[in-house]
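Several structures are given next for inspection.
Look for chain A in each of the two complexes below; its partner is chain B in the first and chain C in the second.
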Partner chain A sequence: MAAAGHMTASGAPARTGGMTLRRQVLLLRIALLAGLLGIWEAAAASGLLFRDVVPSLLTIGRSLFELLAVPDFQWEVGITTLWVPDFYRHLWITMAEVGAGMTIGGFSGLAVGLALGANPFLSKAFERFLYYLGPTPKIIFFPLMIMWFGVGPGSKVAMGTISCFFPIVLSAAAGMRQIESVLIRVGRSFRLNTWQMVTKIYLPAMRQPIVNGVRLGLGVAVIGTLLAETKLSNRGVGFLIIDAYNTFDMPRMYSLLIVLFVVAIGANALVGRASRG
Partner chain B sequence: MSAQWLRRNDVIPVLFGIACLLAFFVLIEILVASGKINPFIVPKPSEIVTSFGRIIADENVLSRFFVTCGEALAASLMLAVTGIGLGVLLHRLRLLRLATETWVAAMASAPLVLMYPLFLVLFGRSVWTVIMIGFVAALPPVVLKTLEGLSGTRAVLINVGRSFNLTPSQLYWKILFPSALPTIFVGVRLGMIFALINIVGVEFLINFGGLGQLVNELSERYDLPGTFAAICFVILVSVVFFMATERIERWLRPGT
Partner chain C sequence: MASADSILVVEDIVKRFETPDGVLTAVDHVSFDVAPGEFLAVIGPSGCGKSTLFNVIGGLLDGYDGRVSVAGETVSGPHPSIGMIFQEESTFPWRTVIDNVAFPLEIAGMGKSERYDKARHFVGLVGLDGFERRYPSELSGGMRQRVSMARTLASEPKILLMDEPFAALDEQTRLLLGDKVLQIQQDLKQTTLLITHNLTEAVQLSDRILVMTYRPGKTKRIVDIKLPRPRTSEIVGSDAFGHYVAQIWNDLREEASKGLKDDEQRVARAGAVRK
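Presenting the complex of A and B:
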């Protein structure tokens, strides 16, 4: 996933060819989209595939509208009561779980990363454990998280936390080591204390690696939390997806996946823009 | 983090790290034995160690390991063929690349593994669901890295090829492909790691297949030491896989 970070940045279309090239690209994109949707619709209409597995675009569109725009849940927010589509409540729960996981995993990852980056001894002693634990499938820890934090949101927050901890700690440690020594010497010559060194020198100098770590961490935290919701939960977007599977409501499942991908890609692009801006 | 940095280790800090880990296990052992930690929530580390033999003998860990390896191998082969193929295609057709590269990059940031219920409907609760999730979730990085490798070929090399009057196909096989191979392998390696993570994850989630299912089954049986031992085994397999691919990458990219 480390590669995905800068690949998005390099994906911007070239502007060398001027308007005509841009127009050609736009036309090709429209043609590709139209072709894909046309093939889908033809497959749905042909009856060659199961109609329920490949529903028509109209059915998916209707389901998307029902998901996002038809109020079917009475949501009490403070003293007011709102009628909203139930989806937003589930989305809010998932976002809150991911947010809590990111906060806990992010801050602890940052603290541990700073400690490892600043101290070569600690780094040599412990960083290899983290480096090799990073690319293991975190979802297999879910049974333990259920045991330790219960079947409610706690275990999902824990999944988000352990998912995002590793990329953030490794990015922070690597970022810390990349800081130019002259900056550190400037800080020392001003007799900054540890807290001042962290806030005035280290963190500003390692903004880019930290944002990259947060971006990677956010991606895996979303996956960890949602997968945990599909395994054992009664709320959240992950639960809605597996519920659509259990009730074989395929248009709803497609709608959920579309919305989820749009939200996830949008969030990733926002963090990516923050890193460049 | 560079591999060189990892190699240049001192013995004392490494021993200190291992000693801390062992001390942590001893502490947990003491806390559980003294009743400070509930043994139904955290088993004794010694019980976990002894249950390794039990799960290897009773739960067919070896055959499960080969099932997971087979799935990962199938997904990796599909990844290499399709991912590199798509990367080459996008490199050759510039307009197609300009139109779709951002889409592929967006797909790389989408939680594709969440499509597993859809794949369950399409392929049933079978080995193909597991393989296809591994394949689809890991495809974007392979495509993008192949593209990056081919585009990153130094112009001077291509000019040398042209000065020798190489045909486009010769230029591809003699110049572009060998020059891009290390970067392509980075993509394939990333893809293989993603595939393995997703394969074990989906095995766990749909309770089907090899090592992932073992963790699920043991946890559903409430066999806590066994669950811990199975998790340790999965971590061991991932780490060995990660280290092996890292070595191959180092061998392919000497001097980096």
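Presenting the complex of A and C:
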């Protein structure tokens, strides 16, 4: 009986052959990356493509350096003035907009999701519409958001909010229904009050679906916010990208994409760690 | 069994359910009482309303006729003197063994070190020393069910109410866990009410067995089990044990075959409707 009690949850790799397999995977990845960069560099050098559509890696590297390390903006923070690359101000604006959207959309999504999960009548009445609206591209609401909240950060936050609301509400509702009913009966038999039921049983039991919802929500909130920033805007990373495109500064555009990519990986890793921690 | 000495009194319980096929009487005028320290098993075939009875006594079900009282006090809703152990897997997967067992103490507002000391005692009582920091997913089914048992025992209920706690386990594990239950009951003088469909288990553990009829669930017979205590699972091989099993099986077989016939008819009817 005790013998079955020694599995590890993380699934440790098999000792025999594990290292060589891992090394092979790593080598393959490096080879693939080097190959892609080689093809890129060859295409840039060949001159077959329109000038600057495929700039050389060196040009992109220089532009990346300029973007991240050459101060060109006086940023007034409180009483001090910082001399920084302008990019950081735009990144800060985008992060603040995404953060605000996630906060509003996340909490309202969680609240509505819990209500739908707890009440079969509400779920029967409304959940179908959420399933229809969920996959609809939220950019179609952007003209409305501009009219309601203006061309400033308000409409960007609204786009982030409506983007992340749907995945979070749907996973919270599904997560609540997935809770084993016996756990709720255990709570009742120990005479928990409503607050204890929510904090000691419902929320811990729903942790995984909620984290998944937040993860999906964060992804679409970033998309919604960036898309919104590319239209009628003069601030944020989305604006920088579309601005680089409009001025045909391709190396700068590629640098922005690379930075965004790294930021996205970092954000995902943070949420992933929060789900395990 | 004088009613005045009883810690648990179940009087004339009737529970009906509305179903699409009309009103179903799950429990029909069932009465019994349990003396302090006594081990009573309620046995019956599937569909005899055993689990309904369990939920009524545990206060998880209302809308019934009759009365359940603990030490003279009528039960409405879950009662602090009754500790329930469920048939299903019921450990909290996000808590370690020790935190599972300490759960009722945490709810009662007991301080951290005090509740861990107490929880450790109950972990030891069910024989899981050394597994305190493990998560339920790292344990076997039998070990998890012992965690649930320790968690309920930690709340120190006057009456332990168990609904087929070992139903999901294999027969050997079940007999060995039965030893554990016997030992705990001896050590704690724990009043216990066991709901089961398992004949061996019922005879192995009980002082008295209440046999229920198949739908509607009524009391068919109450049998005193006069096997000596302390007992272990070795008693399963004795003549006296076999005698009790045979006697109760006689009653039970009749009821179980009614259930079987009923099931067959229902399936046949459903098939006819589909055609």
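The working rule: the second predicted complex is superposed on the first by the 252 of 277 C-alpha atoms of A that agree within 3 Å, B and C clash if a C-alpha of one lies under 4 Å from a C-alpha of the other, contacts with A are read in each partner's own complex, and residues count from 1 in each chain.
FYI, a contact is a pair of C-beta atoms (placed from the backbone, for glycine too) under 8 Å apart; a residue touches a chain by one contact, two chains touch by 3 or more.
Predicted model only: the values in this text are computed from it and were never measured.
Novice: A:Ser189 in the overlay: touching chain B, chain C, both, or neither? Say first, second, both or neither.
Specialist: Second partner only.
Novice: Of the two partner chains, chain B (first) and chain C (second), which one does A:Val53 touch, if any: first, second, both, or neither?
Specialist: A:Val53: touches chain B, not chain C.
Novice: Does chain C touch more residues of chain A than chain B does, or is it the other way round?
Specialist: B
Novice: Tell me which partner A:Phe239 touches in the superposition: chain B (first), chain C (second), both or neither.
Specialist: neither
Novice: In the overlay, answer first, second, both or neither for which of chain B and chain C A:Arg207 touches.
Specialist: second
Novice: Taking the superposition on A as described, I'd like to know which of chain B and chain C A:Glu180 touches: first, second, both or neither.
Specialist: second
Novice: Of the partners chain B and chain C, which touch A:Met253 in the superposed model: first, second, both, neither?
Specialist: After superposition on chain A, A:Met253 lies in contact with chain B alone.
Novice: Considering only touches as defined above, state whether A:Lys124 meets chain B (first), chain C (second), both or neither.
Specialist: It touches chain B, and chain C stays clear.
Novice: Once the complexes are superposed, what residues of chain A are shared between the chain B interface and the chain C interface?
Specialist: Residues 1-4, 7-8 of chain A touch both chain B and chain C.
Novice: In the complex, go through chain C and note every residue touching chain A.
Specialist: Touch residues, chain C against chain A: 58-60, 77-78, 80, 82-84, 86, 88-90, 92, 94-95, 103-104, 106-107, 131, 134-135, 137-140, 142-143, 155, 173.
Novice: Considering only the defined contacts, which chain A positions touch chain C in the complex?
Specialist: Answer in residue numbers: 1-9, 180, 182-183, 185-186, 188-192, 196, 200-201, 204-205, 207.
Novice: Going by the contact rule at the top, pick out the chain B residues touching chain A in the complex.
Specialist: 1, 6, 9-10, 13-14, 16-17, 20-21, 41, 95-96, 98-102, 104-106, 108-111, 113-118, 120-122, 140-141, 144-145, 148, 186-187, 190, 193-194, 196-198, 200-201, 204-205, 212, 215-216, 219, 224, 227-228, 230-231, 234-235, 238-239, 242-243
Novice: Mind pulling up the chain A residues that touch chain B in the complex?
Specialist: Contact set of chain A toward chain B: 1-4, 7-8, 10-14, 21, 24-25, 28-29, 32, 53, 120-129, 131-133, 135-137, 139-144, 147-148, 170, 173-174, 219, 222-223, 226-227, 230-231, 238, 241-242, 244-245, 248, 250, 253-254, 257, 260-261, 264-265, 268-269.
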